[in-house]
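Following this line, the structures themselves.
Next, two complexes with chain A in common: one pairs it with chain B, the other with chain C.
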Partner chain A sequence: MAKWLKEIGPHADIVVSTRVRLARNIEGFPFPHILNEEKAEELKKIVMESVISGNSTLQNHFNIISMKDISQIERLNYLEKYLVSPDLIRHSNIGSALINKEETISILINEEDHIRVQCLLPGLQLEKAWDLAQNIDDLIEEKINYSYEEELGYLTACPTNLGTGVRVSVMLHLPALSLTGHINGVLKASGQIGLAVRGIYGEGTDFLGHLYQISNQVTLGITEQEIISNISDVTMQIIQNERSARDKLLHHRKIELEDKVFRSYGILKNARVMSRSEAMQLISDIKLGINLGLIENNNMEILNELTALIQPGCLQKYYAMELSESDRDIKRAQLIREMLG
Partner chain B sequence: MAKWLKEIGPHADIVVSTRVRLARNIEGFPFPHILNEEKAEELKKIVMESVISGNSTLQNHFNIISMKDISQIERLNYLEKYLVSPDLIRHSNIGSALINKEETISILINEEDHIRVQCLLPGLQLEKAWDLAQNIDDLIEEKINYSYEEELGYLTACPTNLGTGVRVSVMLHLPALSLTGHINGVLKASGQIGLAVRGIYGEGTDFLGHLYQISNQVTLGITEQEIISNISDVTMQIIQNERSARDKLLHHRKIELEDKVFRSYGILKNARVMSRSEAMQLISDIKLGINLGLIENNNMEILNELTALIQPGCLQKYYAMELSESDRDIKRAQLIREMLG
Partner chain C sequence: MICQDCNQRAATVHFTKIVQGVKNETHLCDECARLRQNKSFDDVFSIHNFLAGLLDVSGDSVRKQEYPNNFICSKCGTTYDYFKKVGRLGCNNCYIEFKEKMNPLVRKIHGNTLHTGKVPKRTGGIIKKRRELQQLKLQLNDAINKQEFEKAAELRDKINELNRQILDM
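Moving on, here comes the complex of A and B:
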């Protein structure tokens, strides 16, 4: 299981994970959407070479996964762990991913851009994720000429990534701001300063399990450090708001909160049929309960893992079988019971 | 705790308890609603004498409880165990009850009638409850002249009890007929043949915990044996219907049923706040689950006990304190967790 799911990082009571993503393209190759399979294969080899034969310690322990060689369930499984993107799956005839053993780094090849470098760490680790991404970036650049123009910066297939090509995002667990309704103010303020807020797996306004993904919208006319510092400032502010909302809940609505948390625990431990969205909601409740010391449990890692494992692709991979939606609901409940012991 | 709550009787998968009640009055005394306290006290002594100095083995182990000497919580507690009636509590200045140790027999004095003999047994035990009531009746009649007229039978304060003065009732747990909606047919048919169907504690159409109390309406122009045999026939028919509805649920909606049962169990074991009606509902689900072999549990007696213990009076008596409604919801959840272990 991916490190960002298994390990507890800084500010883990609120920040699930930090992600830095770079969009890069190679000189002399057309963008992927007009790239033929032969050229795509050539490009893939060049990128692989640059990473694997590089002189960095980062070069080790990478697996190469070609989208065309794996099943749709396996693709979904990688998607749900954020190791590949929907776009890479759409380009499955030419798309590949280099993924390290810890699953903290994935280098997507022939996605929307030729190269997407992604670094994903548990908790709030913006600088560390940025350094990791930059190291990979340098490693590749030793062997490859990126498409770059002095005035524009890195050239990308879609203009929204032009310039730095950097997208930084943090995944936040904000149950108290959600329960108290203050989340709407947070969302509005984030939008006003040019940040995007999405649900888990970018599913619009459907904030499953009170999880909110905050990322920069602007990549052009701003330095990488400014992007990171913006996200960092906003995240620290939201963390403070969420903690204060949790304190208030604990002081003014303790028994109600306790009841909610324990009921969710009882249902998760006992249900025989469970939808994804209900599971996300219940897991969120229990995490809040653990964070507030209402429920004794050292299973935070298991709950984080579950957040991914209960997704359709991971679930089918876990049970190594194709499952209809109603069968998934049954197997999901079973998996949860097994994991919670 | 009362025997009918602690022990498992015949057809206990469906029949919670059987009750036979006789209404009797004593010659030479006005009916209780126009009885002064002095006369009421005299009447009470006569009845007590007749039971306690009788020559039957039944005479032993009776406690005498005067309504005026106990708190409202204690009165409620007896009411919720069906050992006294709302009417006895309303007449608390003159009302008393002789209750045996097993709490299977209660003789109410100065209720709506001078004497109400009640026998309450676990499961379906119509004949046994009837015999018990008759023995008590005989015991009293050895010493007392009942108000009786050849043509009318026993005279009672309210004409609905005239004649035999007998009310026979069974408490049925009918979750499957409820879940499938077939209960409405049962209720209608019962009404058509002169039986009354009430919820637990006679609360109108609010069938808390899928519990249905079926009793005869008619007491005049029909023999005691006919009353018992009517109730017996109807009960056996309903038992058959409920069992067949349970079988169907088990075959066609097993996973759904299992999910419901285990969720209810998880919530009962974990909730921190619980209303009476929710508790009744969840206990009902678990009993159904145990009866269908979906959930392994030897706690049927505990669940039956809980049905009474979670009621407001029993709960306050258990914790030996007056509790507001919201405090009761918290203590109820606590008691349930303790009892389920």
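Moving on, here comes the complex of A and C:
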């Protein structure tokens, strides 16, 4: 299981994970969307060699996964753990990923860009995630000429990633700001200072389980350190606001909150059929209950792990079988009961 | 009536579409209807469509100007029209060949057209030195304004040395 799901990081009461992504392309090759399979294979070898035969201590820790060699369930499973992207799956005839054993680093090859380096850590760890991404970037560059231009920086297939090619994001659990309606202010303010806020499980799952992802929009004309410090400043402010909203809820609406949390707990421990969106919502309630000390003897790691395990791909991988949507709802309820004990 | 997408839940949303006299009925449950709607919204707001949209409304000069069919990247064969459609360029050379058209778009997206971040270590030596040179020149002006002539002399020597290194590269 990926480190970001297994371990608890700094500010874990609110920040689920931190991700840094770099987009890079190699000189002399067209961008992946017009790359033929033969050239794509050549490119993959070049990147793999630069990582595997590099002189870094990281070299022995990567597994190579070709999208075309794995099942749709496996692809979905990696996607739900954020180790690959929808675009890599769309390019599954040419797309590959180098993933380290801890599942903190994935290097996507032939995604929208030739190389996407991504580091994913539990909690708020912007500097550490950036350092990791930066080390891999330097390691790859030892043997490869990146497409780079003095004015536009790192050249990317889509002009929205030009310049640094850096996208930094944090995944936040904001139940109190959502319940009190203050979240709209956060969304508006973030947009005004050039940050994007999204739900975290893509299509049709907006803000499922009160989870929000905040990331930088602009990548050109701003340094990597500025991007990181912007996200860091905003995240710290949101953390403070969420904590104070939680305190207020606890003081003014304690019984109502307790009722919500324990009802959710009862349903999770006893239900026989459970949709993904219901499960996400209920797990969010329990996490809030644990953070506020309303429920004791519970394990936050298990709940974090559950948020990934109940997704369709992970669930099917866990039970090692293909499941229809209605079967998934039954197995999901079963898995939750088992894990909550 | 059962939803025709999931074949499980009761259909609660009903569409009727009549095209050239042919009637087409769709019956969906709430969830599947929402999925279809989200999908169509996602298509409309995908970043590449959105970019193409920006290009189409990025001022009369771009909109009304007819690009000849030979407005094409000599290295990868991508045409500017194709970029407008898919929102992706074909290779690094496209950025050079479409530069005039790209700059306003890049400014629109990022509010800027000048990279200030990381420089590749191996291939970016000269760029680093030029940036360093720029910094030193600013410091030199500052020193002169403050009448710190000893410091200014030191900076001048550093600038000369850097200029020499750049010429040798």
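Note that in this section the second predicted complex is superposed on the first by the 336 of 341 C-alpha atoms of A that agree within 3 Å, B and C clash if a C-alpha of one lies under 4 Å from a C-alpha of the other, contacts with A are read in each partner's own complex, and residues count from 1 in each chain.
Here is the rule we go by: a residue touches a chain if its C-beta (ideal position, glycine included) is under 8 Å from a C-beta of that chain, and two chains touch if they have at least 3 such contacts.
This is a predicted model, so every value here is computed, not measured.
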By the touch definition at the top of the document, which applies to A:Glu256: first (chain B), second (chain C), both, or neither?
first
Which of chain B and chain C A:Lys248 touches, first, second, both or neither:
neither
Should A:Lys188 be classified as contacting the first partner (chain B), the second (chain C), both, or neither?
neither
I'd like to know which partner A:Gly163 touches here: chain B for first, chain C for second, both or neither.
second
With both complexes overlaid on chain A, does A:Val273 touch chain B (first), chain C (second), both or neither?
first
First (chain B), second (chain C), both or neither: which does A:Lys101 touch?
neither
Quick check for you: in the superposed arrangement, does A:His61 touch first (chain B), second (chain C), both or neither?
neither
Between chain B and chain C, which makes contact with more of the residues in chain A?
C
Can you pull the chain A residues that chain B and chain C both touch?
none
Given the complex with chain A, which residues does chain C contribute to the contact?
6, 8, 34-35, 38-39, 42, 47-48, 51, 75-76, 78, 86-92, 95, 102, 105-106, 109-124, 127, 130
Residues on chain A engaged by chain C in the complex (per definition of touch):
25, 27, 29-31, 33-34, 112, 134, 137-138, 141-142, 145-155, 157-160, 162-164, 166, 203-204, 218-224, 325-326
Spell out the residues on chain B that touch chain A in their complex, using ranges where they run on.
255-256, 258-259, 262-263, 265-273, 330, 333
